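Below are two complexes that have chain A in common, paired first with chain B and then with chain C.
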Partner chain A sequence: MESIKTYFLLALADLRSQMQHKASFVLGAVGNFCATIIDFLGIWTLFASFGALDGWTLAQIAVLYGVINLSFSIAEAVGRGFDLFAGMVKSGDFDRVLLRLRGTLFQVLSSRLELTRLGRFAQGAGVLILGIAAQPQGMSAGQLGLLLLCILGGVALFLGLLMMQAALCFWTVESLEAFNVLTYGGVTMAGYPLSVYRSWFRRFFLYVVPLGCLNYLPAAVLFGKDLPYPAFTAYLAPVAGGLFLLLGALVWQLGVRHYRSAGA
Partner chain B sequence: MEHIISVRDLCVHFTVRKKGKTMFSPREKTVVRALDGVSFDIAPGEFVGYIGPNGAGKSTTIKCLSGILTPTGGHIAVLGRVPWEERVRHVADIGVVFGQRTQLWWDLPVEDSFELLRDIYKLDRGEYERTKARLVEAIDIGELLRTPVRQLSLGQRMRCDLVASLLHRPKILFLDEPTIGLDAVSKLNMRGFVKELNEKEGTTVLLTTHDMDDVETLCRRLLLIGHGKKLMDGTVDDLRRMAGTKRVLKATVGEGKVTLPAGAVLTAHEGRRIEVAFDPEALPADKLVLHLASTAGLTDMQVVAAPLDETVAALYRRMAEVEA
Partner chain C sequence: MSTFRALLKTALRQQLQYRSAMLVGILTQLVFAFIYIMVYMAYYTYSPGAAQGMTLSQAVSYTWINQACLRMMSLSGLVEIQEMMRDGRIAFELARPADLHGMWLSRALAVRLAPFALHAPLTIAIGLLMPGEMRLSFALEVLPAGLLSLGMATLLSAAVTVLMTASCFWTIDSNGINRLLPMVAKVCSGNLLPLAFYPAGVRAVLRALPFAAIADAPMRILVGACTAREAAATLAMQGVWLAALLALGRVVTGCGVRRCMVQGG
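Up next, the complex of A and B:
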């Protein structure tokens, strides 16, 4: 509890510095909204010409898309400190983190709260609400609860990815672009049902980076699609996000240990 | 507790990879021994100067002592703890000031940084307010509290950084070149405060610096390191003795060419004024004075202790020659 208070104090301090450039902040948020809504407009156009995708309606796809974008926007806003972490290592500011009486993960997490990502959050939330409203038979409270679980699991998974990406800075400060394939690429990928992809690709996003567990599996069960898995797995699947976060934290700790013995 | 800091055979080796000539040729690996078997003990309440030329391993030692760096070998106990094994508990008892880097929040007013540190270090509100009030008054930063850090001058920032490092009332203070870039007044203030902190509160201080005035006014004990090894552990006088050139003769001589006996070095010559460095153990003062009086004539003379700066410069040069 006490740490949560400290988190908000630190994040607020960062926001206050960001707010010294208000115009840049507003433009950043609007730009983020515009850049991401184009993705969904693309999907919309696709449906205008084809009508359905592998048996999924536009409303169902909107739910897939909304869940993953909401997750990613929250993780990006909260975990932006990990995104900027290479700079922290280069400037030597990470030494300062090691000198303070808090865990390293906590300090990097609280170093930045990027509210310009509200742009993606707003469009993800909008698309999700429209998608839910457009379901012909409506959705029950339990089903909505599952979607909430999926969003939380997604936040955890993306945070885990950001942590791994940041931890790599301990070994190399060069070209971390490869991870964008998993984050930005992962968001675009998971905006479509996993069943449209080739099987090795499907397996990768179910078992290695389990993005599919966070929107496709649960949504498929919700919408009554045929799956080779029993229905209860849909409710367990979001837990994969939490496990992935733990893995990210583990890689992070390894990185910190390496940094402290190599002095980077 | 007899020793507050105990360092045994401290070794830090870095592996540096040089890029090969082409993309495919194997990369050369060289091992740099930043610290190569350094040992020392520090008792509670001591004020120790840690000196040596650039690249000698000073900052590396501070990093090990503060828990940032895990050494390749050897052992450290600070307040009975191994810094890199119990980092979080360890940092509660130490304060660190890096002269080149601030630990304050760049865009925030100084006071807000202090507030954040209060929260990070989980300090009791009442005790924090008392400590802060005392430090703010002693270091005289009252008018700076509402100023954003980025608008502070270097000297002002250093003072604020010093306060920040002491808010949690650490038992040990590590100062890494705290007077670098400060003007004369700020330096004096800084020294006065740190001296008082050491004397009145009994805070143990380890200071790395290139400023020999810092060393002379503050440090009762000096540790000299070079090329990763401890070269001396003693007082300022020991350092002078080690460097050899202990005295400087400042004299006004008559017209004509100045010749010197063996063992004397002419360090300045301006018109009729000369400065001669010599070591009284090798060349007694009477011989030097008699020689000058009989060859050049002596109008006026004064013998002073050699400035520590020059003494240390001479010592560092010799260390570099030995290495070469």
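Up next, the complex of A and C:
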């Protein structure tokens, strides 16, 4: 409880400092919105000329796209501290983090709340709502609850990825962009049903980085697609995100033990 | 010419400093190429013949070339020069014994060519070696036209880079143009999707714009998604835009220098 209060205290302080430059913030958020909505325009254009994709309608794809974009935008906004962590290691500022009485994960998490990601959030939410509204049979409260669970699981998974990326800084501060393949690449990949990909690709995103568990499997069951798995897996699948977050935290703890200061 | 050679050598050396970043860049290109190719394959399987003017094999090849040339076709100002304008070091740049527009054009070309020279060969080679439907194949009979078009696209991209850089003589801040134009270009150039997938009316407008001349034009010719007559028309269109943008760049740079105020002190 205490931690949550402290987190909001720190996040609000960070927000106040970002709001000192309101125009810059608004432009940043609008830019983020435009840069990300482009991807859905692309999907829409393809549907306009091809009609359907592997038996999925545009409204169903919109749900896939909305869920993954909402997840990523929240994780990006909250986990921005991990994204900027290389700077903390290079400058030696992490030494100060180690001296304080709070856990390291908590401190890095609360070091930054990037609100310009509202842009991606807004377009993801818009696409998801339109997608849900366009379902011919409508959606029950239970189904909407499952989607909420998926979004939460997705946030956890992307946070886990960001943690691993940051933890890598304890060994090297080079080529961290490699993780962008998994984050940005993952968001693009998960905007389409997993069934369109080759089996090796599918397996990677089900069992290694289980993004497919967070939108494809549940959505496939919701929309009555043929799956080689029993239906109850749809409700278990979002748990994969939580497990991945735990893995990220473990890697982080391993890294902290490996840390040697570079600062003076 | 010697200015260009020196700048290209510097740009190449700079790129080679970050070898692991280069490998990561290639990996990213491969992953995105795989995603888009598999998605297109699915679209074509479920509604074959829906996209006019482009076969699956051509769309696959288009995607490979698009990913391999991404850095060459991307638009952004010369960041170091834009910074110089802000902090006043532009005075050094103005004092160099070379024609400013020519020098910036060389610099822009070098910045576009260096990553291309280091990234593209491996991506193209992997594309050529892929099995079955995922293979990259060039339209060999029009290959010279395609390469000529690619060369013009590179020059065009450099010409736009110079214009974006020079715009900072007026705006000082480079954030706006450096963020806005790439977004527009992504949609209009064929970078997001082959222009063949757009509705016919939109496609006709976009194909006449300079954005298409930078990406869609060479890729369409290279994969053989147009007739010889269309290829000739496309080359002519590129030539017109190139002449226009180079001339505009020259005028704008000249005007900019005249009103340039050296910042800082």
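In this text, the second predicted complex is superposed on the first by the 259 of 264 C-alpha atoms of A that agree within 3 Å, B and C clash if a C-alpha of one lies under 4 Å from a C-alpha of the other, contacts with A are read in each partner's own complex, and residues count from 1 in each chain.
The rule is short, and it goes like this: a residue touches a chain if its C-beta (ideal position, glycine included) is under 8 Å from a C-beta of that chain, and two chains touch if they have at least 3 such contacts.
Here the structure is a predicted model, which is why all the values come from computation and not from measurement.
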item	value
Fit or clash - chain C, chain B, common chain A	fit
Contacts of A:T188 with chain B and chain C, given as first, second, both or neither	second
First, second, both or neither for A:R260, with chain B first and chain C second	first
Which superposed partner A:F201 touches (first chain B, second chain C, both, neither)	second
Chain A residues touched - chain C or chain B, whichever exceeds	C
Partner chain in contact with A:L144 - chain B first, chain C second, else both or neither	neither
Partner chain in contact with A:A231 - chain B first, chain C second, else both or neither	neither
Cα-centre angle that chain B and chain C span when viewed from chain A, reported as a multiple of 10 degrees	90
Which superposed partner A:T45 touches (first chain B, second chain C, both, neither)	second
Partner chain in contact with A:G92 - chain B first, chain C second, else both or neither	first
Three-chain overlay, closest Cα atoms of chain B and chain C, distance in Å	10
Set of chain A residues, in rising order, touched by both chain B and chain C	none
Residues on chain B engaged by chain A in the complex (per definition of touch)	12, 14-15, 60, 63, 66-70, 72, 84, 87-88, 91-92, 96, 98, 101, 103, 105-108, 112, 115-116, 119-122, 168
Chain C - residues contacting chain A, complex	20-21, 23-25, 27-28, 31-32, 34-35, 38-39, 41-47, 50-51, 176, 179-180, 183, 186-187, 192-193, 197-199
Footprint of chain B on chain A - complex, ascending	2, 5-6, 9-10, 13, 16-17, 20, 92-93, 95-96, 98-103, 257, 260-263
Complex contact set, residues of chain A against chain C	27, 31, 34-35, 38-39, 41-42, 45-46, 48-55, 174-175, 177-178, 180-181, 185, 188-189, 192, 196-198, 201
